[in-house]
Amino acid sequence: MKKIREDDVIKLLNELRKKYEVIAPVKLDGRVYFKTLGEGDVLTLDYVNSVVSPKDFFLPQKERILEFSESGGEVTVEDELSSKKRVFFGIRPCDVNALLILDSVAREGFEDPYYLGRRDNTLLISLECVEPGDDCFCSVFNTGPSLDEGADLVFTDIGDFYLVKSLTDEGERLVSGSEFFRKATGGDEETAGKKRKECVKGMESLDLRNFSVDEEVVKEKAKRCLYCYSCTFICPTCYCFDVVDRMDLYSRNGERMRFWDSCMNPSFTEMAGNFNPRDGMVGRFMNRINHKLRYMRDRYGVYGCVGCGRCIRNCPAGISMLEILREGVRK
Amino acid sequence: MEAKNKKDGFEPRIVGFLCNWCSYAGADLAGTSRIEYPPNLRAVRVMCSSRVNPLFVLKAFQEGADGVFIGGCHPQDCHYMEGNYYARRRFMLLKRLIEYMGINPGRLRVEWVSASEGDRFAKIVREFTGDLKRLGPLDLRERVCDGI
Amino acid sequence: MGSDTENALKREARNLLKKGDVDLVLGYCMEGDNVIPCFISSPGEVDGLVWNNRCKNNLAVYLRELEGRVAVVAKGCDSRAIVELLKAKQVEREDLIILGVSCRGMVDKEGEEYGSCRVCLHRNPVVYDLFVGEKVSEREERDVDELESLSLRERLEFWSKQFRKCINCLACRNVCPMCFCEECVLEKKDPEWITRAGDASNLFLLHAIKATHMAGRCVECGECERACPVDIPLMHLYSRVCRDVEELFGVESGMNLEDKPPLAAFDLERDAMLEENEKNKRG
Amino acid sequence: MSNQYIPQTVEILGILEESRDVKTLRLDVRNLRHEPGQFMELSVFGYGEIPVSISSSPTLEDYIDLSVKNVGSVTSVVHEAEPGDTVGVRGPYGRGFPVREVGGRDLLFIGGGIGLAPLRSFIDYIRDERDGFGDVSILYGARTADDMVFRQEFDDWRSMFDLHLIADVESEGWYGRVGFVNELLADVSPDIKNTYAVVCGPSIMMKSVVKGLKDMQFPDEQIILSFERRMKCGIGKCGHCNIGDRYVCVDGPVFSYDKVRGYREIWG
């Protein structure tokens, strides 16, 4: 086990910037976002979690999936896959688990090369939580506040230092190749252990063995839903996207873009000819909840929610995923 | 310094929405009377100045227009009786909005030009083109996306 | 427990439901530590109603979807939204019983007053059938907008930076009681004015368009700003539009059922003068 | 790692007008070896991509047919295409009809409108591999006689199979039956134990046909349905086409009724 001095973290990231693109938490208008570190960006280490989830760096809000060009009746199609080496610093355990969920979607059957190109070339340095946020409920899914797999390195705040645990060979190489890490003592590990225990103590605990989605409760909540897309867009596990072609009318060259879509959108399931198998607002809301708490588990063996609390924090109608979980267990 | 250099030889792109009954005919007259005016204005014929949705203006700016011109009938001359009265209110408001958002309101020009005012139409386009040359390129897309 | 106003509110709600005057009471309830909008259909549930300084939601947004006769709890901004909905014939007056309450400004979880509430000019409801509690004093004038002191270049930079954060979730649209169009230009497919697949200039366009649509409608409840996950100060933009409409056309939205929508009206002489003035100022 | 999102560009060999709003594109795709019931993602570059059932039999090795009804923004551009034009295709995707499982059994095909497209792939396959299957009945309905697709095949089908047609409304020159396709169920008396019903058509038609089949005591496992959903990616990533925890694009579009019965929104 190693440790790194708090002041050295920024130095480490600056050093890593020479070899990698470094993504880290920065403050913008008083709130925390992940951003590719550039000159003048100020790293912040004091945050519960980012406003927008890290998925933006793996399954971006919009991306080009291919370019096409036409000349002499011949159409050429090309793609462009990312192989840029990146380090993602400060990702929280819940969001690491969310990436594992996205992985299972991207790897099932045909692989998604755009997502996996980014994913496989990104080193994750996770920052464990030692103090839960108001809306956090990762404890319910066991997706935090501590982390044992999914990242390359895990940092734990132990005061002036971060305790550093490497979970992969690549993580280990990074640590051994840098001068900023020093040997941790048994006392450091003890402190970290205590902090982890302390953190989880105050958090929600639910026995999900008894859980099933209570559709009556969900219907009741659906009444309040205003069907904006904020919960799905900031969610670290929502992966749905739409695809559209854009073309220059003169050259007839263009691109095919994919971008986040939301199941809250009435046209999400609408087909040409206006048939919509999921008509009605309750149906859409129900699908979102069922997708997270039932379908994902049935299909991929994991819940589609990691308890990051972003949707609760942002829902303008005060709809709480945690409340739906509680009611589903209570029943 | 670069911005200044960019201004040299800069030819502004103007999208002009011209009402079918007055301004478009006015522009036509300017043409048939062989009155010279700069070729910077690209005319879009609309049935009435009130057909112009603020969206059209903003979209033009987004797509690279340096200025937008809206031409309608003189007050009390609207072919549809009162279309230009609504247009007048609408674009007064839009000018204030774009100014608040950081676009010089002088880039949006609303004028009432009758079918007989070919010379006036030419004069307005000359003036507007000159004004835009002084203001320089808008480059809204670049400035919004890259924060230049 | 509960304040006098809250108790009075419960009393009225219970009465209305018991007598069968309404099918539903639209108000606020608690869920855990949160205050949420709630739909109460039987006298037995009325005890769940609350009235406190956390009742931020503009309940008018739900009215169009509700069936039957509804009693709605309305503070200043809710009532102004109702006025606009009535003007736009989106709800029927006889289907509504407005339970007016005065607002002292809503606060967030940390107890900090919301920006839109800090500058609110109409805390008392402007229409109601029943009023509960006490009226509060109103501020007379708008605050000076600090953005006005920026240069054009700085303003464009400011807004661009804000809009680049936008994730296009349209929460600002969906929470808005005034955004009731069946087909929204922001999501129109053919022609696609604003594309999700495009660059940030689309977001600039999106917010500019939305601001133009707020003219003569916005009641400055601030729901859009609260709903925005990335804290875009939308109320600056919409307040500016409201202020312009007031200055130019002398209409404040949501205040009077008789007011004509300012952009569907004109005043020949006055508008000609205004045009002259504006031209001198803004070219 | 091959990129499934990249379509292969192919030439349109020919275009067949099936009805006033359905055209079949014959594409230069060889030896695809698809299963009947599978679909392709068809790209018109610059306009978009749509999932389309393969309507030709896998026994044909020189081309595939994609039959497209003009209903939306992409399909309307498809309808303007001409032979020699280039389009993009990827696939075949999804699970087709359980051809092996139903081998030797009797088959009752029930199609509505353009829903005949995937069925035609299977029917033509049976025509070419006639010994592998039992008796075949085809019940087909469309809005009017002019809306019926693959009419050029009907004589051929009649010679080998039992074909029943019906039109929703009367029209000039139509002397056949008028009504909905589920009414044709009364005309056949299949040996339920030994028969699989294969259904594709508009949602409302499928729903009433399934009800009819259940009334006839068809077991759920022997009702084979082909669904249409908004499939954007075709490969189980974009999340648009779910029925419960199933993705229609990879787990379907063909499902036996017992696999989907319990889910919300199967008919919409």
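Labels for the chains are A, B, C and D, by order of writing; each one numbers its residues from 1.
Just so it is clear, a contact is a pair of C-beta atoms (placed from the backbone, for glycine too) under 8 Å apart; a residue touches a chain by one contact, two chains touch by 3 or more.
In this text, all values refer to a predicted model and were calculated from it rather than measured experimentally.
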Q) Looking at A-D and A-C, which one has the bigger number of contacting C-beta pairs? A) A-D
Q. So what's the Cα centroid distance for chain A and chain B, whole Å?
A. 46
Q: Find the geometric centre of each of chain B and chain D from their Cα atoms only, then give the gap between the two centres in Å, rounded to an integer.
A: 54
**Q.** Intercentroid distance (Cα basis), chain D paired with chain A, Å
**A.** 39
Q: Measure off the straight-line distance from the CA centroid of chain A to the CA centroid of chain C, and report it in whole Å.
A: 32
Q: Check each residue of chain B and list the ones that touch at least two other chains.
A: none
Q | Multi-partner residues of chain A (each touching 2 or more other chains) | A | 242, 244, 246, 258
Q: Treating touching as the only link between chains, describe the layout with one word: line, ring, star, complete or other.
A: line
Q | Chains grouped in pairs wherever the two touch, ordered by label | A | A-C, A-D, B-C
Q) Touching chain A in the complex: which residues of chain C? A) 31-32, 34-39, 57, 61-62, 109, 165, 167-175, 187, 195-198, 223, 226-227, 229-231
Q.
Which stretch or stretches of chain D touch chain A in the complex?
A. 1, 3-7, 9, 43, 45-50, 69, 71-75, 84, 86, 88, 202-203, 228-230, 232-233, 235-245, 250, 264-268
Q: Over in the complex, which chain A residues touch chain C? Could you list them?
A: 28-31, 33, 51-52, 61-62, 134, 223-224, 226-230, 232-234, 242, 244, 246, 257-260, 262, 265, 267, 310, 314, 316-320, 323
Q) Residues of chain C touching chain B in their complex? A) 147, 152-161, 163-164, 185, 193, 199-205, 208-209, 211-212, 215, 237, 240-241, 244-245, 248-249, 262-266, 268, 271-272, 274-275, 278, 282-283
Q) Which of the residues in chain A come into contact with chain D in the complex? A) 65-66, 68, 70, 73-77, 79, 81, 105-106, 108-114, 116, 239-247, 252, 254, 256, 258, 261, 263, 268-273, 275-279, 283, 286-287, 290-291, 294-296, 298-299
